[in-house]
Amino acid sequence: MGSSVVVVNGRLCKNPNDVTINDFLYKRFNVPGDTNNAQGANATLVDINQFPGVNTQGVAMVWVDFAPYGLNTPHLHPRGSEIFAVVEGTMYAGFVTSSYKLYDTILKKGDVIVFPQSLIHFQLNLGKTDALAYASFGSQNPGRVNVADSVFATTPHILDNVLTKGFQVDEMVIEQLRSQFSAENISVNTGRSILKLLSQT
Amino acid sequence: MGSSVVVVNGRLCKNPNDVTINDFLYKRFNVPGDTNNAQGANATLVDINQFPGVNTQGVAMVWVDFAPYGLNTPHLHPRGSEIFAVVEGTMYAGFVTSSYKLYDTILKKGDVIVFPQSLIHFQLNLGKTDALAYASFGSQNPGRVNVADSVFATTPHILDNVLTKGFQVDEMVIEQLRSQFSAENISVNTGRSILKLLSQT
Amino acid sequence: MGSSVVVVNGRLCKNPNDVTINDFLYKRFNVPGDTNNAQGANATLVDINQFPGVNTQGVAMVWVDFAPYGLNTPHLHPRGSEIFAVVEGTMYAGFVTSSYKLYDTILKKGDVIVFPQSLIHFQLNLGKTDALAYASFGSQNPGRVNVADSVFATTPHILDNVLTKGFQVDEMVIEQLRSQFSAENISVNTGRSILKLLSQT
Amino acid sequence: MGSSVVVVNGRLCKNPNDVTINDFLYKRFNVPGDTNNAQGANATLVDINQFPGVNTQGVAMVWVDFAPYGLNTPHLHPRGSEIFAVVEGTMYAGFVTSSYKLYDTILKKGDVIVFPQSLIHFQLNLGKTDALAYASFGSQNPGRVNVADSVFATTPHILDNVLTKGFQVDEMVIEQLRSQFSAENISVNTGRSILKLLSQT
Amino acid sequence: MGSSVVVVNGRLCKNPNDVTINDFLYKRFNVPGDTNNAQGANATLVDINQFPGVNTQGVAMVWVDFAPYGLNTPHLHPRGSEIFAVVEGTMYAGFVTSSYKLYDTILKKGDVIVFPQSLIHFQLNLGKTDALAYASFGSQNPGRVNVADSVFATTPHILDNVLTKGFQVDEMVIEQLRSQFSAENISVNTGRSILKLLSQT
Amino acid sequence: MGSSVVVVNGRLCKNPNDVTINDFLYKRFNVPGDTNNAQGANATLVDINQFPGVNTQGVAMVWVDFAPYGLNTPHLHPRGSEIFAVVEGTMYAGFVTSSYKLYDTILKKGDVIVFPQSLIHFQLNLGKTDALAYASFGSQNPGRVNVADSVFATTPHILDNVLTKGFQVDEMVIEQLRSQFSAENISVNTGRSILKLLSQT
């Protein structure tokens, strides 16, 4: 087939003869993420976008760095449940069911929590030192959707009427909320930083 | 086995000998939902909770009633993609990708749109008369999570620090937002009304 | 990658940068199908063949137009269960289990019925006016197989011996049945019309 | 838990401590089926109904006995594709796509054919001696639906109007076809015999 | 699209217009495999590698030839459970659970056994004549991993320390074991022969 | 429903009203495993057996403790792929494909490797201090099968003929290998310790 290209799940597949051990390795799973942002946290997904070796394997990992009092902003993963293990620090964490019941708790080093697929969840570092967590997904492509960004930082903006009626506040409040989430701003860092890097290559 | 009970997917399964055509029927798919609420819309899911006959079938429907200018508040379905067809009226609709790009449009009668699984989406009736839509899910249990309720109307409340840091506003704004979503209030009507009825039986 | 082409599920995938809202829209879900055929009904699937936007979404819709006393001929969907909602009219409908038990009923406006995957089912308009139904599938590619066409209208014909022995009638009856289902004829309209259009493009 | 009962996929699961090798064995896969029926063939499914050991394994087998010139009547399997291998004899076999194209061929000993999920297919023994085939399914519960039985041998009967309009013949022909498929009659043997036995236990 | 190439699951898909009945046929399912090897058995998988027609069908078959006292060496199938039916002969067969419990038995002609996905299993011909079995998988690509080959016949060798510590024996024993499984040698025949042929084409 | 019991995937499901945050928590993910065994390593799965909260979530974690030069013995996971991240130490690791090709490498702190489902793999601590790794599975019930235990430590023993022929050595070598893997012995510690504890409760 010479120059032909094989694609599985929309991703290129190497010719088996060209595969090396390097295709199964990812080498930077302890480089601290930049927490110098408004929320003071940085989640780095190692999924099919960073690590093509997980294609068809149905599993991915993430590590989350927290500055003191840093927040991994309320978000959800559209395509996978998560197990989250605290490696360093003490955190307030929780998730919200589709009946709007909040399950929240304080996690210490060695504690593990499950966040079911697509439910909104968060973690807040309660300590005055950095914290660290590892987490896993039962999907090679779990995705991440930050709630605040999805509503107030979209390109283009969602129509005012949708937000004023949806959140039952006037346009000034909506504008105030939007102003916090411009492209140069904040929570977008959490989970977006790698996408930025990728789009520059 | 006499009185034994068979459960599939956590739901009771009738003895095949006791099954009748009624187990495959749902009879109220044209009863208008109550749109007399703050957002002016009402989505009525016909899924495994209302219609046990869809268990293991992997499909569900919903109809959405809109008062004039009514909003089906920004929400997502954790376990299924949606096809949404406008039966009456003209609507502004959209969804937000995990790159925070908004895809929005104006839908007229006969228009169909796809909302991918777990992405936040909405519809706003642009007309001064009632509107109606039918939609379908590739899951018998797609679920529904309203964004505003998930953040501001949980029981119990999410810790203030999570919301002030997550939305980058002060506690007064958070309190203002929360006050709109008390249990007696609003958008909870959208998708919650049936759950209330069920819990009373 | 320039001119490379990405395929998922055997279908072309657009470059994400080229995707627009139009890729998620289908615009003709209220154009009546042509019921001027022998059975007097026309089912129009909006699945991956007409609407590439449903690829990987696992959901599809169909609308069915019925002339007075029109029949949506006995058929099955090989790759998905169906929820069927009557929008206008009164119909006799049923499906047959793999134990050859018939579950049948009369459906009125607002009634919903489930047809399990791959079981033979039908609907007959009992009224002297047009009828209309919407239905949904838990698959982006449910397919449709008409029973009569599959047996008597194949290209080429199934060997006589299979049909005479299978239906326990002589060749004259088989020939009579076949003569009703030539390529210019009838029930093939139900579900075939769009395929014809597509193959001309 | 004493007397509690665990069910998976609607089937009883033994306590692991009570499991023996016998739970993984089926002992009669060479007992010829009774081909003394109108079609002269008998298919014996070894699936979850006869062999509980396949529960959750996603695989099943069948053997088909053919009398001379016997027919495995046109049928389909709603929940699994089939690989069919001729062990003894020569057969005419085929299946019909959802575009009503017939793919047919003559199979000899050692030939294997695939029948895709839910497409109508058949095999006819072309020889004057018995024939035998083994086949496999990628499902523990593939099911079997005979076309003629599903239309003409249901309990109760499908309404005449559906069949006269669906097959475009008058009621006399429908009645003639039905008369061949009474409960005491024929093709029902193919695939139904075991169900009868089971219901007597 | 002219010369474009469509790939599903990493395999080429023919243009539907070019598909013939031959694409659904495999013609050599009774050619005895070469059992002239150290173990005296030969398993011939008819899966997606030999028979592209099973792509997306989720099912495959295998036949296993046994010389007198021949062994189908301990192995596992990473991606599918197996049903195994004895066609000729008497065999000792078994599999080992993840609690290291052995379920073993003697199989006679007509006996069927299930081997769950990825558990190590084997069959040993107990007779002084050839034996034959057919088996099925609920996957089009079940794969096969021989235990001895996976440990002692890899290219390159696994580091000595892993094997001496893993099997708790000294290097001489490991070397003795490895010497039996050079590329020119034995059990590799079981399941590898076809791969060799394919790589030469 | 009073005392009724709901089971999903063969596991008890709590009544939603009785669910608390504790059902989503696992509290001992930093208790070092006992590496005082022949291989000098201990893998502790946190899957559905230890942590019922992962039922239906499709994800699990494991941590692996290594004594100096400790080995996580060659093993496989029948129902899930693995991502393995080194937290402390330097290791030699590898896996073997179904073509018996070894992919091996040296992993340092921060390195991540993928082990595909059901392929045999191992890690060996190359350092004179303890090492630690976290790993994740795309399954709530990945299982673990040690190769040496599965062949030489089964209850009861696999027939000698199978092992002498399968490994091409005489009975003395087999007996030597078996003697290392009695119930009081070694590699069984790796992954078996928790099962022992559970069976005592």
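So that you can tell them apart, the chains are marked A, B, C, D, E and F in the order they are listed, and the count of residues begins at 1 in each.
Note that in this section a residue touches a chain if its C-beta (ideal position, glycine included) is under 8 Å from a C-beta of that chain, and two chains touch if they have at least 3 such contacts.
These figures come from a predicted structure and were not determined experimentally.
Within the contact network of the assembly, the step distance from chain C to chain D comes to 1. Ranked by separation of Cα centres from chain E, the top chain is B.
Between A-F and the choices A-B, D-E or C-D, the pair with more than half the same contact pairs by residue number is D-E. Centroids built from CA atoms put chain E at 41 Å from chain A.
Chain geometry summary: the mean Cα position of chain C and that of chain F are 49 Å apart. Shared contact sites, meaning residues of chain F that touch two or more other chains, fall at 7, 94, 104, 116-117. Taken together, the chain E residues at the contact with chain D in this complex read 20-21, 24-31, 46, 51, 53-54, 57-61, 80-83, 85, 87, 94-95, 103-105, 107, 109-114, 116-117, 134, 136-140. Within the complex formed with chain E, the chain F residues making contact are 38-40, 69, 71, 73-74, 76-79, 92, 94, 96, 98-102, 104, 116-120, 122, 124, 143-159, 161-163, 165-169, 173, 176-177, 180-181, 185-188, 195.
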